[in-house]
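Quick one: the structure is below, and I'll ask about it shortly.
Think of it as A, B, C and D in the order they're written, each chain with its own count starting at 1.
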Amino acid sequence: MIWMGAGLLLLVALSGFVIVRTRDVTSQVIALSFYGIIMALVFFFFQAPDVALSQITVGAVALPLMIMLAISRMKFRAASRRNERERDA
Amino acid sequence: MPHVLHSLPYFVAAWLFFCGLYGLVSSKHLVHAVVCLAVLQSSTYILLLGIGYRVGGAAPIFTEITPRALTVDPVVQALMLTDVVVEAVVVALLLAMVVKAHEKSGTVSPDELSSLRG
Amino acid sequence: MSTPYALTPLPVAIPMVGAALIAGLRKWLSRRLADSLGILFAAATLMVSSALLAASIHSPGVYWFGNWFPRGSVVLGIGFVAEPVGVGLAVLAATLTLLSLVSSWRLIDSGANYFQPLMLIFLAGMCGFSLTVDIFNLFVFFELMSTAAFALCGLKTAEPAPLQGSFNFAVTNTIAAFLVLTGIGLLYAITGALNMAQIGLAINTRHDSLVLFAFTLLTCGFLIKAAVVPFHLWLPDAHAVAPTPVCVLFSGLMVQLGLFAIARLRFVVFAQTFANHEVQLRSIFLLLSALTVLVGGLMCYAEHHLKRMLAFSTICHSGIMLFAIALGGPLAFAAMLIYLLAHAFIKAGLFLTTGILLHRLRAIGERSLFAKGKTLRWTAALWFLGSFGLAAAPFFLTAAGEAGISHAAEQTGNSWISWLCFVGGALTSAAVLRVGMHIFFGWGSEPITDQTAEVGELPETAEEDQRIFWYQYAPAAISILIPILLVAFAGWMHMVEDASVSFTQQAATLHLIYSGRSMQVGGVNWMAALQDSGLRGLFAWALGFVLACTSVFRVSLTRRLRIGAFLESGFSPLRAMQSGHPGDYVLWLTIGLASFGASALMLLRS
Amino acid sequence: MRETVRTRFFLVFGGIFLLLFCYATLNLPSWGYYRGPYGDVVSRNVVYQRHATDAVNAINYDYRAFDTLGEEFILFTAVLGIMMLLRRQSDETVRDVGKVADSIRLSATVQSAMMPMLLVTVVFGFYIALHGQLTPGGGFQGGVILASAPFLLYVCENTDAFRQITSHTVVEICDATGAVSYALIGLASLVMGLPFLTNFLPLGTTGDVFSSGTIALISAAIGVEVTAAFLMVGYTYLEEIITGEVPEE
């Protein structure tokens, strides 16, 4: 049991490193979502179901979703600007 | 508890803190920087929940166990529970700044945002 | 529960309710109504916190939220202490908020009524931060204060610079919060407590690497807030872009609250830790503060953006206040409190005056304002009066604070500190004087300028009305005059003396928290030390004046005498530090953190 | 500073920090042997003192309720900040650039399957939000789950419904109401002559939905606030994409 926890912790350490090394933001967000799920598993292992529930809803879903929304808003704005310029030209 | 695991979660927390800082320092995209901040923050979850853990302890929910039973620490869990939600929104606030900066200057690279240099 | 202490939660609760009310009704409130409500709630906060201050001077008390009294030595709930120092800071917070809300009446672009609720939440955060003795609660209010500050900083969304400034601010201060939280976690692991008194009792004289590392994390976290070199980089950026009423709160109190938190931790939590290492600890802090004073002073003189200039002056004065914490002991702490109070009002006055200039002349750079303020006589008077305050001239309260710090420095054999205070005062007042001579008199030739001098030029008030209203002058004048009046009626300083003695003694705080009653502490009397300021401040001002003249009249001087102009060009390494790049800021933060941690572990353990 | 120089400097000093951190934690109690006393005192007494079975939520909404008030206001502030930053400036003129064309088309079967899912989400969210004092859950988690329901609408391309729900003024009022009612619960105990945020309601029978006095009430207030907060943030980010209107330059 304790070894499973240790394994999960090492997985967290590894995926944390992978996330900061991922330079493409879209893939980073997907990685962040997986990271959130692994974290939630660690919290279950730590006997913290309350925090795990909160981590699944927020860390694995809501936070990545918000980042995705922000990225898509920026992409949308950039695209509409580009269209505008093309039409003006 | 095997000896090698003596301070494993604490080392993992330290490592995540280091990773987050590293990501922030080397970031070339402001959204990337914000995600790194989220990683940095997760270091505190691991640290605090690791501190409150007890080998063989049950979750502090007393529906099926008696108040005398061995449980893990409920206090750190309470502290982290609210923190998870709140920090997510703070991260969203930083994202809003990035989005707005992108709208006003057309860039998300910290190297190109230079109006405050010198 | 005896009646006056029932007020204890109100300095936090009232602004919170006000903020939620204004924010909820945001769409239906007219500008005027939203402003009035904001002012009303800030004034109510000021009233209850003043009442609480009066009660706490008489006899300090402790307040347990949710009626959770300690069980034996285990503290179950969250406690506020109503002792004069913390409550006094809450009163100061409410006063500054009230002044800045009044000065922004109808004028400052409120971003569709988001401004007032955010200001009130900021106030609630500052009040809670100064009253709490629970270390996690301290973190919560640290975050609350910071979050409101981040948002307020980005109020002017029309240009990219504010967003960059607030992003840097947000990143560094969020890291600060995580440092603090990690430190709290480590302390909780060894003590199983979150109340500062209980933690202090539990760690007692323990000073192994863990306690020292926790100390490092907590201290560095708050040093980031206190803008101490090398953690200061966010502050000029945040000030350059924040609206002026917000700068008043940033420079007046938020930064100094970081120092206050360090003091509280040092005197309550780590009171016994450094019993055998006082000298080593002092030298670490003295080094930091000396660096801060020098960097702040020099960069202050080298800036040409009015708000950035004042921001660097805050860094410099923050260094002077850190001297007091480094020296430790009740005298130095009392001196710090007095200096903090005086500095808060002077900085508020100068920022509010800057706000008037920005409103009337629609510019913020020294060069673009050159000779434009010749008709603004009252504004000029306030501005020059402020320069005396920064130099700690004898008729300003800053002089009393500086005298106390110098006295404490001499007691520990560090009299060089008073010279650094002198230099800091001279440099900052010189910068203010130089700007004043350029703007209000139009003396000399066109000012030198730099790259950032025009950042955030976009005025924060609407175009149509450029008159200056009485409610802009009044807060600025009140702020500048308060530190003078407080010197004239100096009887209150005795109370600071008593408050500081019990604040700096761990036994007194423990007694207060566990028994709910104050402990009689031995009578002391060093009022003389506080009032024996002499004329040094005037000399500092005179030196500043000469320095400013060498800058202003640089063309008519021989090359060798152009000292001011030389200092004004700035030192390229210091300027390069200020790169506006979040990565650089985080790097400097890490460097500071690692150096502080390494030196703490090496010097303080053995 | 150049990026490589910066990273190199960081690896040195960050490395020192990492080493210090690890070295310091060697002095912590071994992992898995938490020593107390705070948590243990609460664990032993929570059922007796508060008739709540979930100690974590009892701490959050009772023992340390004042912390949670602060945290709730951080949430509230951050949302205010986001709304303020991404607001339409009054002087901006908008123009229609058309809606995004490349959104994912879901088949009709998937769309019809979404409706029951939506219902399940809402029920689950309410359940979680209202049983905080008994089982894992509470206002924070329940609120996030409830807020996710309208996003399911968005995913199955019912953007109009999504917009009508999330952009409604009621959401904004709920956000403020949730925040203010928490503070008012605290003030209510003050009116009754008790310290701020004292649990002044009858504690009820352990295990009952209405047990534990103000814990359930506060949890509900938080639920309202969190739901509204996440809806507002979501809509603010999506506003331009949904309406297809961007401000002119």
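Just so it is clear, a contact is a pair of C-beta atoms (placed from the backbone, for glycine too) under 8 Å apart; a residue touches a chain by one contact, two chains touch by 3 or more.
Given the structure is predicted, the values throughout are model-derived calculations rather than measurements.
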C-D compared against B-C, more contacting pairs: C-D
Chain C and chain D: spacing of chain centres that average the CA atoms, whole Å: 32
Centroid distance [mean C-alpha coordinates] between chain C and chain A, Å: 37
Where chain B and chain C are represented by their mean Cα positions, the distance between them in whole Å: 28
Distance from chain D to chain A - Cα centre to Cα centre, in angstrom: 17
Contacts with 2+ other chains: residues of chain C: 136, 143, 147, 150-151, 154, 157-158, 163, 186, 188-189, 194, 576, 579, 581, 583, 587, 590
Where chain D touches two or more other chains, by residue: 3, 6, 10, 14, 17, 21, 25-26, 28, 32, 34, 36, 38-39, 42, 54, 56-57, 64, 67, 71, 74, 78, 81, 85, 136, 138, 140, 144, 233, 237
Junction residues of chain A, two or more chains touched: 2, 48-51, 54, 58, 62, 66, 70, 73, 77, 81
Chain pairs in mutual contact under the definition given at the outset: A-B, A-D, B-C, B-D, C-D
Complex contact set, residues of chain D against chain C: 1, 3, 6, 9-10, 13-14, 16-17, 20-21, 23-29, 34-39, 41-42, 62-67, 69-71, 73-74, 76-78, 80-81, 83-85, 87, 89-90, 169, 172-173, 175-177, 179-180, 183-184, 186-187, 190, 193-199
Touching residues (chain side chain D, partner chain B) in the complex: 3, 6-7, 10-11, 14-15, 17-18, 21-22, 25-26, 28, 30-34, 36, 38-40, 42-48, 53-60, 64, 67-68, 71, 74-75, 78-79, 81-82, 85-86, 134-136, 138, 140, 144, 207, 226, 229, 233, 236-237
Touching residues (chain side chain A, partner chain D) in the complex: 2, 48-54, 57-58, 61-62, 65-66, 69-70, 72-73, 76-77, 80-81, 83-84
Interfacial residue positions of chain B with respect to chain A in the complex: 1-2, 5, 8-9, 12, 15-16, 19-20, 22-23, 28-29, 31-32, 34-36, 38-39, 42, 45-46, 49-50, 52-55, 57-61, 71-72, 77-78, 80-81, 84-85, 88, 91-92, 95-96, 98-99, 102-103, 106, 108
List of chain B residues in touch with chain D within their complex: 1, 5-11, 13-15, 17-18, 21-22, 25-26, 28, 50-55, 57, 59-63, 67-68, 71-79, 81-86, 89-90, 92-93, 96-97, 99-100, 111
